[in-house]
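Per-chain residue numbering starts at 1, and chain names A, B, C and D are given in the order in which the chains are listed.
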Amino acid sequence: MSGIGVIISLVVIFGGLAWLFIRSVQGKEVERRVIFLFIFVAVAAPILFPITFEEKATPVVRNLFDKIESMPPGSTVLISFDYDPAMAPEVQPMANALSRHCLVKGHKVVFMCLWATGQTLLTQTLENTILPEFPDIVDGVDYISVGYKAGNEGVLNVVVTDFKKMFPTDINGVPLNQTEIFKPIKSCADFDLILALGGGRPGPKEWVLFVGDVANVPIGVGVAAVVAPQLYPYYPRQVVGILGGVKGAAEYESELAKTHPRFAETDQPGLRMMGPQTLAHLVIMAFIVIGNVAMFMARRKGGKA
Amino acid sequence: MTRPSDSFGCPSAVRIALLVIAAVIGISITAAAQTEAAPADSVIADTTAVRVAPPTSVVAEDHKYDAGGEVDLSWVPSISESLQNSPVLGYRIYRSVNGNPEILLDELLPGEAEYEDKDVVKDSVYSYRVATIATDRSEYLSITTQPLQPQVENIDFNKSYLFLIALVISGAVIYFVETAKRGKKLFVRRIAGLEAIDDAVGRATEMGRPVLFIPGINDMDDVQTLAALTILGRVAHTIADFDSKIFMPVSRSLVMTAARETIKNAYQTAGRPDAYSDDMVSYVTDEQFGYVAAVDGVMVRERPATVFLLGAFFAESLILAETGNSVGAIQIAGTARPAQLPFFIAACDFTLIGEELFAASAYLSGEPRQLGSLKGQDVGKFIAMVVILVGVLSVTLAEAYQIGLFEGIFNWLSRIFSSN
Amino acid sequence: MRQAVPLTITFLVGLLLIVAVFIPPLKDLERTFTLFFDIIAVFAFFLGGGNLLRVHFNKLRNKKPDWGYSIVTIVGFTWMLIVGLLKIGNPGNIASAVDAPGSLFYQTFHTVLVPLSSTMYSLLAFFVASASYRAFRAKNREATLLLIAAFIILLGRTPFGMMVSGWIPDSFSLLQIPNLAVWIMNSPNLAGQRAIMIGIGLGVISMSLRLILGIERSHLGGDKA
Amino acid sequence: MRRSTYLIFGVVTVLFIFSWAIKALVIAGDGGNYLAQSFMVTFAAFLTLAIYSFLYEDNPLYKFAEHLFVGVSAAYWMCQAFWSTIVGNLIPRLSEGLSNYFMQPYQASPWNPAYIIPVVLGVLLLTRLSNKYGWLSRWPLAFIVGTTAGLNFIRYLRSDFIVQVSSTFVPLMSTKLHPWEGIGAFFSNFDLSATGQFAALLTNWVIFLGVFCGIVYFFFSKEHTGTFGRASKIGIWILMITFGASFGYTVMGRISLLVGRITFLFGDWLGLVQN
């Protein structure tokens, strides 16, 4: 059913815009209520019948994707969930996409969080996305979660030299020394890649300053849109790549689905949320063009207005 | 853009001054250290083999320039931390008040070297001890610091540059206000939004439709609301002259009271005290969007000919401006919240940008003394431009050609214009 | 006498608060005066709330147009005031939070105020479209710059930004639309915001001085002229 | 009130009860007191549609929602102010008896009598109701104007003037660039990659010139002619780019608000979408 819905709504929107464009060539303006209607359809349609546009990754996202794709299977990745439910709509899709990518490439993934709220979101990712989609991965061998530790930057100061001092056991109380995944790992410097997800303090910026530069380990960053610009100065020397806001998540999901088709069917929240955004932005840009054409035509027809 | 390590180039006055300052600081530290190095008779060295070293040179100092409410504690972390797998688990801070037995104040992670104790009272005496915690939870205590009474400093010298800048700019404003008194005609550039007020109000009279004045949604504790009310004083004066009707829904009760006072006075000075009535200003609600819903309703039903949107606005700015535009009103907007200016620029006929909102009442009054204050503001801009020019040049030369002198100037300027 | 006292009060209070910044013992004066302001503002509520009720009662009594809706306002106001002041349905005692879950105050807030304010807020999506249709017209050079800047940022937010400019080689990647959009936000936009803020800082100083020194008094007693 | 208004309200009430009943039936299975739940969801949905009807034109439904919004929200803020300021701050400092009644901790301090001042000023404000003593209400207003002017004087000077000036000290040259070997070398190594050195330099030049000319545009007391006029022209151009860019930047946020409301309508209310 949704296929037809998608076609109908796209025809309605772009057909309507084309008709308005023709009217604007005759110098006719568009009434404000018509614009309101178009915005309503452009936002409501993708919610009823999911319309997703294939996103081409920008370099700042592609770099991080290529880094994870190029790392040999079995390399170790640390993913830190440092955000709260308010940032979840933007950052959770990134967490899911990045965890999927690391596990499908056979990397060993260690999950942790610097925010207490990160723990609930971490378990959400594990239970709703990771475990159902990767039935054969073993806790303590392919992945492990060490949970949350209070102390903000203090925690980073310790894990950069001795991970097990700050996290003696994993979330279920199993001492890390007995787990196979932690055999090669003594401190953060032993990880092949660290993925810092968040947007507040402590967050990705603290990971770069306290761990990235000190332990000289590559860091990938996933942040809320409003924080992304502050991290651009660190790219590309101190930060491998930056995923910014829902658009960054959608670009990563798009790349992931292209290189690993198994993920094309799974839930892609980023692309789903970008549906109405892209359509609405297109409608607004179209109306700006229509408005200018109507003005020029009216001015040319009526002499210098 | 990491800054290369600076090698001091040719000697110069600035650098000598820096050396002198460094010397003074050095002396004061060593003086402070004297108190700490008094013979520590009370502590007997721990009898077991010292496996973990306690922190050393523990110093407690009164936090400078405060009301005696804080003590700053600093120490050198235990040398055992630098061992291969350091046995240090963290640090514990003990405090004794007025000689009473010590109590545990806080526990810190390894690597920490300072601590601010904020719950101190200026008339009691404090002494501290810091202990290193080994992995087996055993503790190794440092020497006790000298008893210290937090002092009250009456002048906060950290803010002396801030005081200097405030003095210079206020001085400029006051100077031009006073010298303008002798009636010398002062040139002020045209501000379109303010020139348009007269014919905007005139239009309302011709069309027999009211003027709507919206003073933003913040209370009288926002300086933008005060600016809106001073402009209201001038606009109400014009409205009284043109015998137009003004209607002013407000979002704060205090703003309602102040606005009524302002309009009443304006009508009196315009010589029409009888035309004023309290119903011109009415309180709606403190809720941001409840107020917007009501004002939209008023716009669509009363169809005002002119709408003033002056003061502090937040996300609702575009809702008001678009609705005002849909009823065909001339809209003059102004706010000092940069985030809302794009919406006013897009949707309104005239927009006062940031500083112009504050200059409006002086501009409209035409009084020499008020216009003088605008000239004072320009002096502030001139200072900003000169400082930026010097700052940028010095950081560029320091960065590009490693000249120490400019490095010194840049650091000096950054310290003056810092936000402490 | 009617003007001298208010102007003196403004002068003394203003000067005291400016000086207090530089004298540590007076530092918490700022918090005290803000609290004084809040207390006075609560007294003003009697005037504001009283005015709101009076306006709607008048509308009701003289059957002015739309008088029926005044009933809705009065009923809504009285209901919320009673439920709030008497904390009806509030699980805790007199000291528990007025909007503690379970109280009628909390229920009314979530049933009436939350949907209404989030819907009013969402009207912006419609008005942003109609405003950009009307405002972004290449009428003159300034308006054209406004149009181009907005268009690049909007395009940068859609996948088509990258598709349109993906062909640009890496050595000129700044000209790729998404990077250009980020660059515009990080430099011309930043410069513009800074210039405005520097102006605002000076504007507030001049305005505060005019108020404190009593040069600007249209709100207190009008000018002598 | 015209007859058509009564008609509209009649129809809408019937529709409301009808959809309330359906919603109650639909969620009856989930347990909990579904009657109240379904009432709240349906009532919130009808209020949402009432506000959206304003986009078409002003109508009785919008008037109802608007007047309800004003009444309930005005009282909401009054109660909040009463409980937080009067009971939370004033009473604990003024009277021990009342503090005990309201079960608030009594904050004894020598400065407590000072809290009589705002109460007196507050009462003076009420004199505005009488014409004879109305002028007394200027005293509290003067106090408030003095407080606001005094508090914001240094605050804006520091955060808007001083911090912005010092953060504009950006280097216009950088040693990491190839040392200057003449125009030829400059262009041969020229690259405009988003992360290259030239882009960073361009950023700094634009920030420096932008702030400089932006300040020139705001000059009041000097004629904007000659080079001063050209700098002011560049200033307004930079401001126009700023406004256009920040307008475009916020569009995404505004659209997500509408996505939220429509997801509520289609999801929570009509159940067409599971979110």
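We adopt the following convention: a residue touches a chain if its C-beta (ideal position, glycine included) is under 8 Å from a C-beta of that chain, and two chains touch if they have at least 3 such contacts.
Treat the numbers as computed from the prediction; the structure is a model and nothing was measured.
S.K.: So which chain is the furthest away from subunit D, centre to centre on CA atoms?
M.R.: A
S.K.: Quick one: which pair of chains has the most contacts?
M.R.: C-D
S.K.: If you average the Cα atoms of subunit C and of subunit D to get two centres, how far apart are those centres in Å?
M.R.: Subunit C and subunit D have C-alpha centres separated by 4 Å.
S.K.: Report the inter-centroid distance (CA atoms only) between subunit A and subunit B in whole Å.
M.R.: 35
S.K.: Roughly how many whole angstrom separate the Cα centroids of subunit B and subunit C?
M.R.: 18
S.K.: Using mean CA coordinates as chain centres, what's the subunit A-subunit D distance in Å?
M.R.: 27
S.K.: Do you know which subunit B residues sit against two or more other chains?
M.R.: 162, 166, 169, 220-221, 223, 226, 254, 257-258, 261, 283-285, 287, 289-290, 293, 301, 338, 341, 343, 345-346, 353-356, 359, 374, 377, 380-381, 384 - these are the residues of subunit B that touch more than one other chain.
S.K.: Where in subunit A do residues touch at least two different other chains?
M.R.: Answer for subunit A, listing residues that touch two or more other chains: 32, 36, 39-40, 43, 59, 277, 280-281, 284.
S.K.: Residue numbers in subunit D touching 2 or more other chains?
M.R.: In subunit D, residues 51, 54-55, 63, 65-66, 69-70, 72-74, 76, 125, 128, 138, 141, 144-145, 147-149, 151-154, 156-157, 159, 161-162, 165, 168, 194-195, 208, 211, 215, 218, 239, 242-244, 246-247, 250-252, 255, 258 touch at least two other chains, as defined above.
S.K.: Residues of subunit B touching subunit A in their complex?
M.R.: Subunit B reaches subunit A through residues 85, 89, 108-112, 326.
S.K.: What does subunit B use to touch subunit D in their complex?
M.R.: 1, 4, 162, 165-166, 169, 186-189, 220-223, 226, 254, 257-258, 260-261, 283-287, 289-291, 293-294, 296-297, 300-301, 338-339, 341-343, 345-346, 353-356, 359, 374-375, 377-378, 380-381, 384-385, 387-389, 391-392, 394-396, 398-400, 402, 410, 413-414, 417-419
S.K.: Taking the touch rule as given, give the residues of subunit D at its contact with subunit B in the complex, in rising order.
M.R.: 51, 54, 57-58, 62-63, 65-66, 69-70, 72-74, 76-77, 125, 128, 137-138, 141, 144-145, 147-149, 151-154, 156-159, 161-163, 165-166, 168-176, 200, 208, 211-212, 215-216, 218-224, 239, 242-244, 246-247, 250
S.K.: Across the complex, what residues on subunit B touch subunit C?
M.R.: 65-67, 152-156, 159, 162-163, 166, 169-170, 173-174, 177, 219-221, 223, 226-227, 229-230, 232-234, 252-254, 256-258, 261-262, 265-266, 268-269, 279, 282-285, 287-290, 292-293, 301, 315-316, 318-319, 321-322, 325, 336, 338, 341, 343, 345-347, 353-359, 361-362, 365, 367, 369-370, 373-374, 376-377, 380-381, 384
S.K.: In the complex of these two chains, what residues of subunit D are touching subunit A?
M.R.: Going by the criterion above, the answer is residues 55-56, 194-195, 251-252, 255-256, 258-259, 262-263, 266, 272-273.
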